[in-house]
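In order of appearance the chains are A, B, C, D and E, and numbering begins at 1 in each one.
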Amino acid sequence: MKIKSDTFIRNPKDLWKGEPEHTEVRDLSPHIGFNQITSDVVNSLENPRPIYWWAIAICIAMVGVGVACEVHQYKTGLGVSNKSNTNVWGVYIASFIFWVGVSHAGTLLSALLHLTHSDWRKSVFRYAEAMTTFALMTAGLFVIVHLGRLWQVYYVMPYPNERGIWPNFQSPLVWDMFVIGTYLTCSSIFLYTGMIPDLAVFRDNIHDGWRKKLYTFLAMGWQGTDRQWRNFRVAYLTLSVYLIILAVSGHSVVSSDFAMSQQPGWHITSFPPYFVVGALYSGNAALITVFIILRYMFRYEEYLNMDVLRKLVRLTFALAMIWTYLHFIEMATVWYGHDQAAKDQLIFKATGVYAGWWWLFNFLAVVCPWVMAFRRWQTNLPVQMVLSLLLNVGMWLERWLIVAPTLGHSHYPWTFDFDQWPSYIQWGILFGSFGWFGLLLLVFCKVFPAVSMYELKELAYARKVELRHAHAEEGHGRPELATKGAH
Amino acid sequence: MSIANLLQNWSRYRDTHPYGGAKPHMGYKWAMAIDMDICTGCNACTVACYAENNLAVVGKEKFLNGKSMHWLRIERYWHDSVEAGDPIELADGKEFKEGKQFHDQGAHFLPMMCQHCEAAPCETVCPVGATNHTQDGINSQIYNRCVGSRYCNANCPYKVRYFNWFNYQDPATENVWPEPLNQQLNPDVTVRSKGVMEKCTFCVQRLRAVMVDARTEERLVREGEVQTACQQACLAGAISFGNMLNPESRISKQWMQQEVNIALDAQPKNKHVGDAVDKRGYRILENLRPYPSVMYLEQVRESAV
Amino acid sequence: MIENNFNRRDFLKVLGWGGAAVALSACGNTSVEDGTEFVTAHSTEGMPEYAIPGVYVHFNSTCAQCDSGCSIVGRVREGRVLKLEGNPESPINKGKICGLGQAGLQAHYNPDRITQPMLRKGDQGETITWEQALTLINEQLGGVKGNEVAFLTGGVSGHSGVLLKNYMDALGSANHYAYEAVTPSVVRAANKKSYGVEMPRLHIDKAQVVVSFGADFLGAWVSPVNFTQQYAKFRKGPNGSRGVLIQVESKMTLTGANADRWLCIRPGTEGVYALGLINALGAAGFKVPSAAAAIAKDYTAERVIQETGIPAEHTEKVVALLKERTPSLVLFGSAAEGYAHGSQNAAAITLLNHVLGNVGKTMAAPASVPFPQIAPKVGNRHALHALNDKIAQGNIKVLFTYGSNPVFTSHSSLNFKENLKKVPFKVVLSHYRDETAMEADLVLPLDSVMEDWGSSVPEYMADAAQINIQQALSEKLYPDTRGFGDVLLALLKQRRPTEYGQYEDFYGYLRNAMVQNKAALGGGTASDDMFWQKTVSHGIIKLPAKAASALKTPTATKLAFAAAAADEAYPLHLIPSTSAHMRDGRHANIPWLQESPDPITTVVWDSWVEIHPATAAKLGVVEGDVVEIASRSGAIKVMVYVFKGIHPDAVSVPMGYGHEAMGRYAKNTGQNVFKVLDSVFDKETGELALHETRVKVTKTGQKVKIVKDEGPYGGGQAGKRIALRKTTDKVNLSKEV
Amino acid sequence: MSKRHLLALFDSFDEAGEAILELRGAKLKGFDTDHDMIIKSPIEHPEFNRVFGPKPVHVQWFPLFGSIVGCTFLFLLVSGSQANFFEQLKGGKPIVPIPINLVMTYALFMLSGVFLTVLGLFVCAGLPARRLPLYSSKVLDDQIGILVKADEATMPVIKAILTKHKAIEFQEEAGK
Amino acid sequence: MIRYFLSLTVLLAGLFAAATSSADNSTIGDGVAPGANNAAAAAAKEKGGYVADYDDIFKVKGGPEAKPDTEIKPLMWNSVDEVFYDELGPHVEQPIEFPHDRHAGDPNKVNPDGKTGDGINCMYCHTYARRSLTSGIPPLRKCIGCHQNIPSVRDTPRIEKLFEYWDAGKPIPWKKVHDLPDYVRFNHERHIQRFIFKQERPYKEVCGYCHGDVSSMTVARRVKTLSMGFCVNCHKKNHALDNTFTKAGHGPNDCFMCHK
């Protein structure tokens, strides 16, 4: 059945307006009823704004570019990516770290904030969690793209084979394989588990074709009985605990790809926290970007509203500051340490051929976030849109500037190599990866509830409770805790 | 059965392999010494290596892009800038520091190949265990196991590992060995395919051949029974190679005489500099603790002229 | 538990990689392929007992990459020669072999070899059979007088030399020209004059100090393999003091790069410096023969400094060293000889040797082969000019060319190429379709060295006299190639059938010739077969050493050096440098050599011009700039390599690059420096003075990335302890194992 | 006496809560509140805890078990495979390096934990579940449903009580 | 709970142990190794990337006329029509259907063709096995050497064909049955020396371990996978004999020993 709702009648013109300063916005208005939440979400999936389809088309095109580049590279050999025997790594590894980083914000919101019962997360965590999963999938692709003989990637997997040999468990890459695999599996499980009640709602509200079957299958006969809710709460809590540990360990292991090695600029003790925080930072920036896009695309103005955005931005700013601190700490330890090679490496970054990029990255990732400190801009959508994109560019550069300069300027002067620039193949595949990520995310948001309905309802319920207390103090009667809207 | 192995030989698996720890090499420890005072930099070793190990000639463009495949490269250093080691000219030609007017004490030639480190940084990081340490102290590289993650190269302090960026044996694309050039290829050495890492193997095919004979005759390989291609070609005899565990071998005598201990990361002789004037032996980047198996003998220049 | 037929791909599907797995399995590329796995040996006849598949057989032969005459061992397996090593029995190379020699393999397996005789039709060539070719030659020779036939070769020796001589006699022609573009012919002349022999035996290992005036004896001079081995001994200093090498030259050669002191001298003033040293030695109280002293007395320290530009303190140190450490040895090579007054320089330097009393100590008379007819006929540059004149006058009707590529190596002011058109019938015996072959009317494909039989006598013999046997290491790659000896024999059969009809092929001739003289060759009483077997299996015949005659001591004659006149239009000296691998360019089509970096500059696959930083600053060029190097005779465009190993008044371009033909690896690789050489000749010998060309360097504005092995820090070490050097005078290496 | 099902839908948690309390208090014969009454709601209903009192949850034991078993297994797997015939010698390292194996052990600690958590959820919450005899899609949308099972005799009483508390809609099984 | 945990751990450990030791089962087939490697080898052969066979060498050396009339068909996935292919490698069509059973078979056993074998030692013909990497196929000379003295079978079709080759002076283009991938260094000599000459085991057992009971085949057929697991299982076993290279009695477990 179609649920008519007034949420459609809305003036698209005031979309880009930030909320006026004086109005006191809550993360969810107390006047929204359960029914309206359901209908909004369901209907937003039914027909999103047309830009959605444009986005899909663009993403597919981008994926096409990436695939074309990869096919060429697969046929001809990695040489077409214009690496050298000195710069053996490049954009691929940097992007791998970048995508793993993007994945972390989702976990932060869905797991950590869930444990701390910060309610404002309830409207954003679902798509954040989805981003986690898809970002990890993208990261995994980069590992494979990067391999010289990717058709034999299964050599890395530990399974009893007839050759009687095993992967080298001492290699950080194998740890990556373990931890990223675990992280991917767990986060997708987490995503799915959290969706079960909402899937049940869809099962009841969608009546056509394959989607009905899909939802019916996935909802697994959820009926919201008290027994189900009880166990669900505990299970979800447990999962979020695991997810937090995973997120931290995951990027620490990724950082050990570098920290475990011997190269100047990589062999740094503070890399794990540095990477983790950097991941949260860039992830949150990406979150803001997607926030603004979804808000418009699926008409989520009611739920992805300015108050939530403001909180998100503040969180991002805080993380940015922590990361900045670690960034300087890392440089300081190198600068005051005894390792001359690492010191040279740092100087090289700041003055060598990569200097321009290095300073740009410092500007983007260290200076730019300060814009978020100003209240007037925290809810200004265009500003936040551009800003979040810039931050992501900065953080990608950060990863690339960890990988490239060290390879070109490591221990052995004879093999120093300053003039390796990634070929269009590498850029093309990076470009394609964004398309791939966007495509997955868009399809997800179209098919599954991108905002969590039952948690919003809980939120609405909580607001009503507050309302009741307020009324009680004012001495009026005691309004019911009705699930309907209060009008 | 692995679990049984684990439980029975636990202590054995806890030994640090193979240098230092309680675990000795099994009969062999191949090592090399290169005397840079008599190395003339004539490139005979390089060509010999190309001939012996089926190295691909990559051509001008790829060489320019740093995709050259010389397992053994001759590096040429100048010592006459103001402080030794400072760049004389940067790539863009501008004078970085004003050195002398001429290279008037000649060049310094340094043949650099895989150092077969005892604690090789490349070994621990290979995800598939394509590069391991063999019982006889060689840093092995199994081409067919390699998946091409290139982590070994990224972690190699000497950057002596070379990656097959293209399919060099494919006549359709890179025709490195056009007919009949391919008939020269050494049947004892794999022609590496696209996407695998390769490096100097101490001419393992020669070593294995004589070791197999030795086993058949129930003895160890004798000194002088086997030579690496570069050693055999070296006109001046600057390269010596052999089994360090054989006290009769020249290599062991050299390491002994030069007071270079393979299991140390800093040689005691370096503490008292003055009196060790003709102890020229040293190992490159020793301080990074890869414990390389190649000892270099310092170049000497006469101060009387 | 895994079931027996466990399948990886199933497992991948289990892991949920199904999609990927399909792609992987489709590719199927699971093995790193080796070039050469064999089914096994199966042949009817011809498969000799020793040829076991999978087992190496070693055959001895002789390297023909250059004229040093090193003996080599070919490692043969399944009928293919896979690797060359040095033959330990040879006193010349004692089991070693240089990179150039190693690369002989790729000369054998080279994809650009000519496989069939080719006859010119217009500007096309059509393949013909050998019979046609030989009859054609016969016809062409029919109409012409003997003296109108000329044979241009490189240095020849051994029995092919004998056949060549006999053939020329049969034709009644005296026009055999042995031409080598890069060869120390002035050195030979000067030695002959001073010591009575062209190439005395050098005992570098016995010397304590070696002063080399541009003799690149470690690189490309006379017999580098032998000299390098001596050099190693010399450095170790068997008698306790490490030998000291002082190199005096204007452009750093490989030897210069290994010198303890590299003295950068103004081009052409080597003789002045030699006499200056004599003078200084006298002044330092060294006993100098009066005649020499008389000649040297004008060369005061001031004059020497002013003319050579070598600072005084270096000279003093050198003198002191020469004074206290004897014996010493003074060598001189292309850098000294390559001027109009090259012979004068040479004479001065030989005189210095005499003054230092090295004659007889570190230089001895060479052994000589008792068979003059197989003695080496070394080439020189003068031969080509003589031939060129004859051709220009139209006196040559038929020209045979073998073992040299004059169209490429002759300087353009000779315009040999145009003159060649005056020759009605040109026969070129060659391996490649090189520049000269392109001009030919008939091209005859030769066997590679690995396929051919032959004998040779090296010019420089390190020990007693020896004859090298060149043995076929593998069967022919192409059925229609023939050895030089076979061709000569075939031609001779046309002329003297009675005499040579008995020999089926050159192998038969060679064997016969050897076996006949087996007594003289130390064969003793062995049977013919025994003797021949022994000879071939050793690859070398050491002749019983005769008592070497003493060297004649140089006599001091008045010397005059043309002062290098300042040239406004063409200010800079051009030094065409000889690299050990490229030589005069005959090996330019060997990929290994093109890819192995030049030792000094580490440049590959291209030619470059070395310019001193000061000069570069003056010209406003930096590394990678393409400059035009113009002389009075021509111009080439090459890229700049800024280099502190060259005199500011000089620029240097390597020889051997810039082929217009010859093959896929050589063609259009680099620039041909021969083009710009002026025709200036040494006054006494009439040799082309390679170093006399003056050039001007102008910037073209073009810029390229220079293809070299060294990193952006050049030879620097960025403060790391990579290449360590001790500078000391009290190190004793003689005790080292 | 055959039993019948009745599903009543409420708009407000208060009403539903009152209704449950009263049903409890009514002490009807053959009607046990704990077993014969199931609450269905769009969100977890904190209000009802005071009605039912706390009910025990056992999910948390599954991950504990899973994690411990998982990491033990993985440690054995990794170190066992390192100790097989092809021991991969790494210069300067033992063949079985314990701290390194702990990294992966830790990963599987979490993986198996997560798996068993989900397993626990399915087991305890009885998922996947078959649809109860009476169901209205509204209970997941915006209404609270009370499903009771009782004798036909007592059914009218129950219905009365529910109606009293503003049950806006009833669903009944067809009579037999 | 604790008891559960313990029991499950033990169970898993046991399972895993079995899994890792399952390579002891010498009949494990590797899904890819033999087939795909042949395919890849042949692929490279077909590409002409190198000269793959002795008769190719011969052709190049002896000129076109010495080129064998039948060339080796590339054994590739896409040429199944030419060569029937299964996991154990190709069913090879040899130019002459050589009866191994007749030559090497048991003299006391009667073969399908009604004849008994001659019980000839493998190494009588495959004479290089004890001194080279490859076992080798005898020169045609060897076949003729015997067969010209055996008039009884002189005009049977196979012998006719044999003599045709002999008269034409051409090698018989036998095809390789046991084709190891090219990155493997297998040394016949070492194995023969160890097991036949040192341990004095019957040659049928030693050769047969990898080649199967050839004496009961006509044309040799690959019966063992010859995959890495196959080699490993044997190398694992303890054939304690000498104490020179490794103290252990098993074969070398060093990758570089067999991989080149």
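One rule holds for everything that comes next: a residue touches a chain if its C-beta (ideal position, glycine included) is under 8 Å from a C-beta of that chain, and two chains touch if they have at least 3 such contacts.
All values derive from a computational prediction rather than experimental measurement.
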| item | value |
| --- | --- |
| Shared interface partners, meaning chains that touch subunit A and subunit C | B, E |
| Chains most often in contact, by C-beta pairs | B-C |
| By mean Cα position, the chain sitting nearest the middle | B |
| Longest centre-to-centre distance from subunit D, chain (CA-based) | C |
| Separation of subunit B from subunit E, taking each centre as the mean of its C-alpha atoms, in whole Å | 36 |
| Centroid spacing, where centroids are CA-atom means, of subunit A and subunit B in whole angstrom | 45 |
| Centroid distance [mean C-alpha coordinates] between subunit E and subunit D, Å | 63 |
| Subunit C-subunit D separation of Cα centroids, rounded to whole Å | 89 |
| Overlap residues in subunit E, where contacts from two or more other chains coincide | 13, 16-17, 19-20, 22, 28-29, 33, 44, 49-51, 57, 60, 181-183, 232, 255, 260 |
| Contacts with 2+ other chains: residues of subunit C | 2, 6, 8, 29-38, 54, 78, 80, 477, 710, 712-713, 716-720, 722 |
| Subunit A, residues touching no fewer than two other chains | 149-150, 152-153, 160-162, 164-166, 168, 170, 174, 411-412, 414-415, 417-419 |
| Pairwise chain contacts, counting only pairs that touch as defined | A-B, A-C, A-D, A-E, B-C, B-D, B-E, C-E, D-E |
| Footprint of subunit B on subunit C - complex, ascending | 29-38, 54, 77-78, 80-86, 95-100, 102-103, 105-106, 108-111, 218-219, 224-225, 228-229, 231-232, 235-236, 242, 244, 246-247, 252, 254-264, 314, 317-318, 320-321, 477, 580-581, 591-597, 599-600, 602, 604-606, 613-614, 616, 622-624, 642, 644-645, 669, 705, 707, 709-710, 712-733, 735-737 |
| Contacting residues of subunit B [partner subunit C, same complex] | 35-38, 40-48, 50-52, 54, 57-60, 63-64, 68, 70, 73-81, 83-95, 99-110, 143-144, 169, 177-187, 189-193, 196, 229, 232-238, 250, 253-254, 257, 277-278, 280, 282, 284-285, 296, 298-305 |
| Of all residues in subunit E, those that touch subunit D in their complex | 1, 4-5, 8-9, 12-13, 16-17, 20, 232, 235-236, 250, 253, 255 |
| Of subunit A, residues touching subunit C in the complex | 144, 149-154, 157, 159-162, 340-341, 344, 411-419 |
| Interfacial residue positions of subunit C with respect to subunit A in the complex | 2, 6, 8, 11-12, 15, 17, 20, 23-24, 27, 29-30, 710-713, 716-720, 722 |
